[in-house]
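Shared between the two complexes below is subunit A, which has subunit B as its partner in the first and subunit C in the second.
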Partner chain A sequence: MSTNAVEMTPAHKEALAELLFQLADDDFLLSYRGSEWLGLAPHIEEDVASSSISQDTMGHAKMYFGLLEELGYGKIDDLAHGRSAKERKNSILVERENGAGYYMETPRYDWAYAVVRNYFYTLAKKVKIDSLKKTTYQPLAEVATKVSMELFYHHIHWRTWFTQLLSSSDEAKERMNKAIEGVMADFGDVFSYGNASQSFKEFALIEDATVLKQRWEAALEEVVKALHIESPIIQQPDRNGRLGEHTEELDRALSTLSEVYRLNPSVPW
Partner chain B sequence: MSSSVVAETEEQKYEQFMERINRGEQIEADDWMPEDYRNALIKLISMHGISEIMGALPEKEWVPKAPSIQRKLGIMAKVQDEMGHGQLLLRVAEDLLKPTGKTRDGIMQDLFTGKLKFHNVFHMPAPSWGDAGLIGWLVDGAAIITQTNMLNSSYAPYSRALHRICAEEVFHAQHGESIIMALAEGTEEQREMVQDAVTRWWESLLLFFGPPSSQVGKSKQDITIKYKIRPKTNEELRQAFLTKYVPRILSLGLEIPDPTIRFDEEKQEWIYQQPDWSKLKEIMKNNGPKSQERLNLRRVSYENNAWVREALGQIS
Partner chain C sequence: MYQPTLVAEKDIMEALELVQDPEISTVSVVDLGMIEGVEIHDSHVSITMLPTFLGCPALEIIKKNVVEQIQSVAGVEAVEVLFKTAPPWTSDRITEKGQKGLKAFGIAPPPKHFTEDGSWHVDCPYCGSTYVTLDNIFGPTACRSILYCKSCKNPFEAMKPISNLM
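And now, the complex of A and B:
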């Protein structure tokens, strides 16, 4: 049975907002990391393609922030730009820098890391979105349907890069395997709901994290088996972004992405 | 192949070529063309293409920093378009370069060694969000004027690419104008941001169109006009820019940093303080304020990703 905001209890609304913040912050930060790559991708064609994906992803974040605005949590841009690191619910994976160096100076960005992070994240997002199509909150189910249409292409795009680079030169394989290690070291909280697992279940917002995790592992297993590499296993997180535990990399990201906004948050730009 | 074709001398081919040009016909990539036509096109189009790509860099800084989600989306799409234009143009240049054996990698190497120039405006600093707006509004506005001038270029592949590019540039100018309007109607701090940007960019905008013909003598400008790659001179384009934008700048209550600028009704032309042309010469030697920094950024990303391009050639 679907619900709408009017008939929700405070506990129900709080659980829904928690989920929306997790979804919004994930997409917003990953899109931000993508936007730092703009102009620096391995070739011009890829620059154009991955920028489209970053724009779609930013659009998804905007839809989730929009649902939060409707629920009375503040304006979209304040939610996106004005919250401190402690208040952010994104996973550690999406806040990680693209590589060494500032994006305007001498960025030694790692394309292997970009490919693995985007592919593994997109696959996780797909698993979540498929589950969210059946959420009890109808406006979120509608967003999930829209996201799903774009996600189809994002998934193909990153899977292609992933399989191609792992079927190529020794150097590429080595870099990709190192990137898989790096990405998996941060993957522990991607499927975490923080402290909200019980309430998500109670209000039937999204399926259990254990179920989604298994779907992700099963989907990936098929792809990696063909590439003769070991299946990545999701570990328990050392640090959980869903609980507001973050790295300094997030602080630096927030300071950059809100630099102009903070000059005067109360006026239109 | 018929014997009459074989018997054609270079001179006859050239005559026929010029007849086609003068009839207003367009030339395709695999048609016969004189060497100086091909060379002028290669120079023009590879510079145009690489300028689009280098042009992503001054604005790039403001993509992650844009002050709202809507602005972030807008400027990301805008810079992406510039990269896309670069791609379209480099493909046109690559076809022209085919007989010479040169590839895209060669174009990039020419950029790094300074043999291939990129447009003067992209050597300039863009230190505030106001610059991000101004680049869209006036730099793209200027680009629309020069590119519209070549829409019906005698070289068909370039003409087709420009039709697509110009359509998108119109959106860019609107995107820039929207940022500028929000700032111009905003707080004192926001207004100052725009005024500073106008002051900072004015001279570069005049330099953008290149020197008037008389100052350079026999230039590539003359060759491009002879072959109908472009119909108007640099000065005519600059005048068109001033006619379009001076009233708009003033109507926003902004000042142009040239107290002498005026439209002479009698001569029907703008009288303005000449920019310092020596700056353009320095920029052409990659000695502009940001030339080395931008080239470094492009070089770092090119070298950093070399393994990816190599790997793509070795997929099993």
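And now, the complex of A and C:
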């Protein structure tokens, strides 16, 4: 049964908004981290590809923020740039810095980390989007259908990098394994709905997080098996981004990305 | 007594045919299959459009160009352009005329078929050779890929296939 915003109870609307904030903040932050790679990717083709993926991903965040705007939660720009770290619902994984150094000075970003983070995240996003195509909130189901078409290419792209680097030199394998470890340490809240699991279920917004996590693990297992490496294990997180618990890395990201916005929040840009 | 001019859908469609893709001057928004609906209420025109890609930065420019073009149609007083995601834009919405326009610009039209692993094939828009390689699935804009023709040794672009199967 599909619903629209008009006939929603306050509890229903709140649950929907919670889900939209989680989805929007995830894509928004990861897209920002992707944009910091501009001009630094291993080669020019990759620079074109990853900036195109970041642009698509920012477009997805914009769609979710747009749905929140329709529900009366504020303007897209304010939602994207005007919220403090405590209000953010993104997972810890997407707020992590790309590596040592600042991108305006001497960044020493880690490409292995970028590949693993993007691949594992994109696979998780794909699992969620497939579930969201059947959500009871029709406008979200429509967005998910469209996002899915673009995600198709992102997924192939990152899977290709992942398998190629893990089939490459010993140094590449070593760096990839280190990156897998780092990404897994932060993956615990990717499949968490914070305090909203019950309400997501009640209003049939998205399937249970445990079910989605299992699908993610099964899909990844096929890929790693062919590469003769062990299945990565998701670690228990010491903080949960869905509950507004974040690292200083998010504070730094927000202060940089909202710099222009804060000059004059009333100017659209 | 003053009689408002009747706005005909035909005139609106003709005007839309004049709105080009900001980056490909040989195809219109109609050829690209971006127009989903036109509604006319007296002198008010409402156009529903489908974004090709959600993060496409050209959407705002396209919207502005559509508004300007429709405002120039006799009898039109107000224009509204809405972007919708349903039905999703797919690359098979590009018309035959649109495919010709793309080719004239050196861009291969989107392939009709692709395999499960996402691979697909197009011919070189310059010499028609099938002897081409895919350089980068991601091109200079969200909707295009970069290829290379081994026969005429030209790099070229192709519209990415976007389908409901994805």
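Here is the rule we use: the second predicted complex is superposed on the first by the 267 of 269 C-alpha atoms of A that agree within 3 Å, B and C clash if a C-alpha of one lies under 4 Å from a C-alpha of the other, contacts with A are read in each partner's own complex, and residues count from 1 in each chain.
Just so we're on the same page, contacts are C-beta pairs under 8 Å (C-beta built on N, C-alpha and C of every residue); 3 or more make two chains touch, one makes a residue touch a chain.
Everything numeric here is computed off the predicted structure, so don't read it as measured data.
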Touching partner for A:100 - first (subunit B), second (subunit C), both, neither: neither
First, second, both or neither for A:149, with subunit B first and subunit C second: second
Which of subunit B and subunit C A:11 touches, first, second, both or neither: neither
Touched partner set for A:227, first subunit B, second subunit C, both or neither: neither
Between subunit B and subunit C, more extensive residue contact with subunit A: B
Touching partner for A:157 - first (subunit B), second (subunit C), both, neither: second
Touched partner set for A:32, first subunit B, second subunit C, both or neither: first
Which of subunit B and subunit C A:45 touches, first, second, both or neither: both
Touched partner set for A:211, first subunit B, second subunit C, both or neither: neither
Which of subunit B and subunit C A:58 touches, first, second, both or neither: both
Shared subunit A surface residues [contacts with subunit B and with subunit C]: 45, 48, 52, 55, 58-59, 62
Touch list for subunit C against partner subunit A, complex: 51, 53-57, 84-86, 88-90, 117-118, 135-142, 146, 160, 162-164, 166
Residue ranges of subunit A in contact with subunit B within the complex: 32, 35-36, 38-45, 47-48, 51-52, 54-55, 58-59, 61-62, 65, 76-77, 80-81, 103-109, 111, 164-165, 167-169, 171-172, 175, 256-257, 259-261, 263-264, 267-269
Subunit C partner contacts - residues on subunit A that touch it in the complex: 45, 48-50, 52-53, 55-60, 62-63, 142-143, 145-153, 156-157
Subunit A-facing residues of subunit B, complex: 53, 56-57, 60-69, 71-73, 76-77, 79-80, 83-84, 86-87, 90, 129, 179, 182-183, 186-187, 189-190, 296-297, 300-301, 304-305, 307-312, 314-316
